[in-house]
Amino acid sequence: MDLFEKISSLDRRWIFLVIALSILIPLLFPFTQPLEVSPDVRAVYEALAALPEGSTVLCSFEYGPSTLPEVHPMARSVMRYLFQRDHKVIVMALWPDGLFMSRDILDEIAVGEYQAEYGVDYINLGYKAGNEVVIKSIAESFSRTYPVDTRGQSTTSWPIMHGIENLANIDFIFSLSAGYPGTVEWVQYAADPYNKPMTTGCTAVQVTEVVPYVRSGQCAGILGGLAGAAEFEVLLMEKGWLTELGAGNRGMAAQSVAHLVLVAFIIIGNVAFYVERRRQRKF
Amino acid sequence: MAETVGIWFAAFLTLAIFSFLYKDNPFYKFAEHLFTGVSAAYWMSVAFWSQVHPNLFGNIWWPEAFVRRFLEFTYVWVDHVELDGQIYAANALIDGSLTPEMIQRAELVNDIRVMYYIPLILGILFFTRLVPKIAYLSRWPLAFVMGMAAGLRLYSFLQSNAMEQISATIAPLAGTPTAAEAINNLVVLIGVFTGLVYFYFSREHKGLFGSLSRVGVYFLMVSFGAAFGYTVMARVSLLLGRFQFLIGDWLGTLTGAGS
Amino acid sequence: MKPGNARLAALAVLLCLGAAPAAAQDAPAAPPAPPIDLTAEDTPNDRGHAIALSWVLSPDDDGSGRVTGYSVWRAEHREGVAPADLEWRRVGSHSPGHLGDDRLTHTDVSDNIVNGRPYLYRVRTEGPGGSGEILLPAAIAARAQWFNRARWNMLLAVLVLSGGIMYWIQKAQTSDIYLRPVAGLKAFDEAIGRATEMGNPVLFVPGIMDMDQIETLAGVSILGYVGKMTARYETPLEVPVSRSLVMAHAREVVKESYLQAGRPDLYNDDMIHYLTDDQFGYAAAVDGIMLRQKPAACFYQGKFYAESLILAETGNSIGAIQIAGTASPAQLPFFITACDYTLIGEEFFAASAYLSQDKRSIGSIRGQDVGKLIFMVALILGVFLVSLEAVGIQLPSWLDITALFDVSSGG
Amino acid sequence: MLLKRWIPLFILVFVGILTLIHWFVPHDPIGSLGRDFSQFFDIIASFAIILGAANLLKLQSMKISQRKKGWPFNLVTIIAFALTAYVGLNWHSYFGGGHNYLAGTHVNNPDSHFFWVWWYVFTPLSATMYALLAFYVASASYRAFRARNVEATVLLVAGIIIMIGRVPLGQQFTAWLPDSGFWSIFRLERLSDWIYSYPNGAGQRAIMIGIALGVVSTSLRLILGIEKSFLGEE
């Protein structure tokens, strides 16, 4: 077997090994690189920036630990921005594990960094089963959908919920999403029927599903995957809302190397394929 | 203690699953079988506590004595409490504002919704599968579910997947602010149109129709390639997350750094 | 108002307060002027229990901070009782207007609003200096509607498409309909045939979602066909599922297939077995089944998420023929790259009709094509018309094709 | 025959039509049927899990009693199921004391045993299974991204441009192109954005419209009672 044949029928475990190394090494020895902010990420920022200070923003957490590396950095940036602009933040989750994600973020950002007051500046309504049905039902009433919050107290007893009967009183929806139910359901059952502005931070996989809604204007911009998170961090830093880049940019180093290694593999594979095919024609 | 054991066990399971990449082995087999058992029971418990307990049990009738006797189990079923002409929210049952003696005297009001006997009956009918003689009764809940799915999805797909997409595709090819925008609109129009031609079943894809359909295939291929390229990034991020766990949380405990 | 402006305005207020502390202490700020022209109407196209309010901003709501918001109050109107004596309840609040808003709107939705009963509203401007209020001049009642008028175009679409499909379902029973070949469907027989030759089982995965998804139902219909083939060839069939309802449904369908193929003796309920509801738990277990039972043909037909590639790559590594079919746009690329054949989107839904050769089902596919034709014509016509408009040619309003497809207002 | 065939068929058709109508009739009680029915579905599906779990346990114990190859692993499944079900259904199962034992809250309480299982067993397993995808996209693309024919080449080129254009390191390749003007559209990040937004968006849209028609037609076949293989006995 000569070199090209070998490359063409390479045991996939070699590929696995190289991929693992190409992520592990940059993770241990990180570096940063310049980023260009894409228009979709800018659109997210502009939609948020258009909100007057003190608006009520609904943040919904539809992701779990497995997609945490992608969505968590976005959630952090968004929360930082919202608290700096004194928005009131209502947090909920349509995924059971979304609750733990939101708790983690709120503990870190709201409590840790901004000393925001629970029940006044933000509230965590928690997880409710029922997928899009929950969205339809908060369109009618928050207090009936979520009689108690995650602290086990009656939702309406908190000052932040005064005057917030249902979706109509929400100024903006931010969906942090990794699948079903997620951004698509928020567009279909909340933004669309009630004409609410919304935007999304989602996994790169979901981007294809969501992008048609972005193009048609039903969703204002999109933060797609780790790259979206990294770009958003850069943009917030540019605008003075962040003092340092976060996990999004750190991960991008490993991401970049892995991508290029993968592309190199594909190119080598094609060269081998081309050479082999030419040889076959000769005989 | 529980945390340290947990992190070690989690790290072991992580490595056991990764070992599958090399080949099938007892460690993977162990992790796989463990996963099946744990996750089946996990979702069963979650379904019980998030659906059956609040939404079904909470909407059907129970003997008053039972509700009063097992407050910690039934607290989510009670809508409100009336005592001495005063109305308390349901959580007064548990937050200490009512004493046990008061709870015994109070009237516990829970709204019973007759409609919810439908899923109860259908759910029970489903169990007739265990009795071969009347197993066919389990077709009733299946029929209900299928009818519901049909009525629900017919409309929502037509609205979001068809009407809205058509509406978004109808954009001017002339008189746009920039020429680029007109070109982009044209690209989208051609893509959607030829894509639909590709999906046309009841006509032979020959001649002009065939050429249009080929163009449609190219658009589909671009979209598959693009979606694949996009996803690669997400997948790499996942691995990133796992490596971060192994390096940060697990190796962290080894070196005493903890997390 | 831009955030910067708001901050400047707030700063200006602070400076003014600082410059005249004595004056500020002596004379408390005057209460803000009330809103103007409060109107109310029953919200259209709903189940009642809702009133839409609208008012013109208070003149003091100019970003100076004198208006911090509005509060909305409701009372049931009673004949002969002065508004002040009614039982008022605060039912909502609204943040101050932004620059450029001429009216603010607030919808009061509550089951406490009884349909048909008259209600009065008042809206208060709230501010540090107190409040000013306006009363709704006449009582208003909420009503439920029997038809959602905003959905007229959806009704039209449902009727036209269903009509077209039903017409062809009828017509198909008497006439032959040509269907173009679909590569993936031809491969079904080949794949099952190969499994038979090798003596290895056929693996069928009907997606990971439950019966409330049409994709799952379509996948199980295809399973019905595969079941007939495996019964005929006496090839073992392995169907792991991740939902109990799907298990029950698939058993009914496969049992029927074996019966129709004349081999009920080969059918066994355990061919279709439940693993776990969990996405990756299921994928891990199916991977295990693949490696240990080495199926020669793998079918993935249904609704899939990220596990698609885990399954397809493992299937590829054991050298099985793989045929996928799904309507999950995000998973199609993975099936396309890792499987031998893939039914894309609509092809997947058409598969059961193709495979069963049932005349009425084939008719429904012809009906789908009619729908496509309508959409294609509408696209061309629509683009032509909006282009004319964009270059400045006035069109009569009945030619406004965008209204026909504008379903966003329908709710 | 009535119970086996006609009543389920009636339920199917009746529920189907009623659910379809509910979209157009906001008036109570029809308007809220969609929400109620979805809720009913979730309840029925939750009931059904018990039957699924019973089936799982039955097959596993069969393998154990027949001493099939690898039977100790089947024992692992049964034990894992039993333990998880115990800490999941018993709402008193906590580390340490001093908890208000409200039924159901243990599912979300970080001090419960159930949470421990979720966090240290369930989560690493599912996240790692998911992470395997990083390797599988690599092997799948290495194998499939070959310029075999025109279609495959189109797929390959679009995929590679996006892959490179989406990461900063890749964007360096075309950083020498001007930032504005005609040539700027060939900068990789712009090109990948463009491909992503327009040709890809168009392809996706065509697929989505096709799917919508497929769903309409399949749903209609169900509502009209044409597709009813689950009722058997044709």
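Order of writing sets the labels: A, B, C and D. Residues in every chain begin at 1.
In the analysis below, a residue touches a chain if its C-beta (ideal position, glycine included) is under 8 Å from a C-beta of that chain, and two chains touch if they have at least 3 such contacts.
Fair warning: this is a prediction, and the values are worked out from it, not measured in the lab.
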Joint neighbours of subunit B and subunit A, given as chain labels: C, D
Remaining touching clusters (ignoring subunit C, no chains moved): one piece
Far-end chain from subunit B, centres as C-alpha averages: A
Pair of chains ranked first by number of touching C-beta pairs: B-D
Centre distance in Å when subunit A and subunit C are each reduced to the mean of their C-alpha atoms: 20
Centre-of-Cα separation between subunit D and subunit C, whole angstrom: 15
Centre-to-centre distance between subunit D and subunit B (centres being mean Cα positions), rounded to whole Å: 7
Touching two or more other chains - residues of subunit D: 20, 23, 34, 38-39, 41-42, 44-45, 48-53, 56, 70, 102, 107, 118, 122-123, 125-127, 129-137, 139, 141, 143, 145, 155-156, 160, 163, 166-167, 196-197, 200-201, 204-205, 207-211, 213, 215-216, 218-220, 222, 230-231
Contacts with 2+ other chains: residues of subunit A: 12, 16, 19-20, 23, 65-68, 96, 127, 129, 152, 192, 205, 208, 212, 215, 218, 227, 255, 258-259, 262
Where subunit B touches two or more other chains, by residue: 17, 20-21, 29, 31-33, 35-36, 38-40, 42-44, 46-47, 50-51, 55, 94, 126, 129, 139, 141-142, 145-146, 148-150, 152-155, 157-160, 162, 164-169, 189, 192, 196, 199, 220, 223-228, 230-233, 236, 238-239, 241
Of all residues in subunit B, those that touch subunit A in their complex: 21-22, 46, 50-51, 55, 89-91, 94-95, 156, 159-160, 164-165, 167-168, 223, 226-227, 230-234, 236-241, 243-244, 247
Partner subunit D, residues of subunit A touching it in the complex: 10, 12, 15-16, 19-20, 23, 33-36, 38-40, 64-68, 96-97, 99-100, 126-127, 129-133, 136-137, 150, 152, 208, 211-212, 215, 227, 252, 255-260, 262-263, 265-266, 269-270, 273-274
Parts of subunit A lying in touch with subunit C, wherever the complex brings them together: 12, 49, 52-56, 66, 85, 140-141, 162-163, 165-166, 168-169, 171, 179-180, 192-195, 205-206, 208-209, 218
Residues of subunit C that touch subunit B when the two form their complex: 153-154, 157-158, 161, 177-180, 182, 211-214, 217, 245, 248-249, 252, 274-278, 280-282, 284-285, 287-288, 291-292, 329-330, 332-334, 336-337, 344-347, 350, 365-366, 368-369, 372, 375-376, 378-380, 382-383, 386-387, 389-392, 401-402, 405-408, 410
In the complex, subunit A residues that touch subunit B: 13, 16, 19-20, 23-24, 27-28, 65-70, 96, 127-129, 147-148, 152-154, 184, 187-188, 192, 203-205, 207-208, 212, 215-218, 224-227, 251, 254-255, 258-259, 262
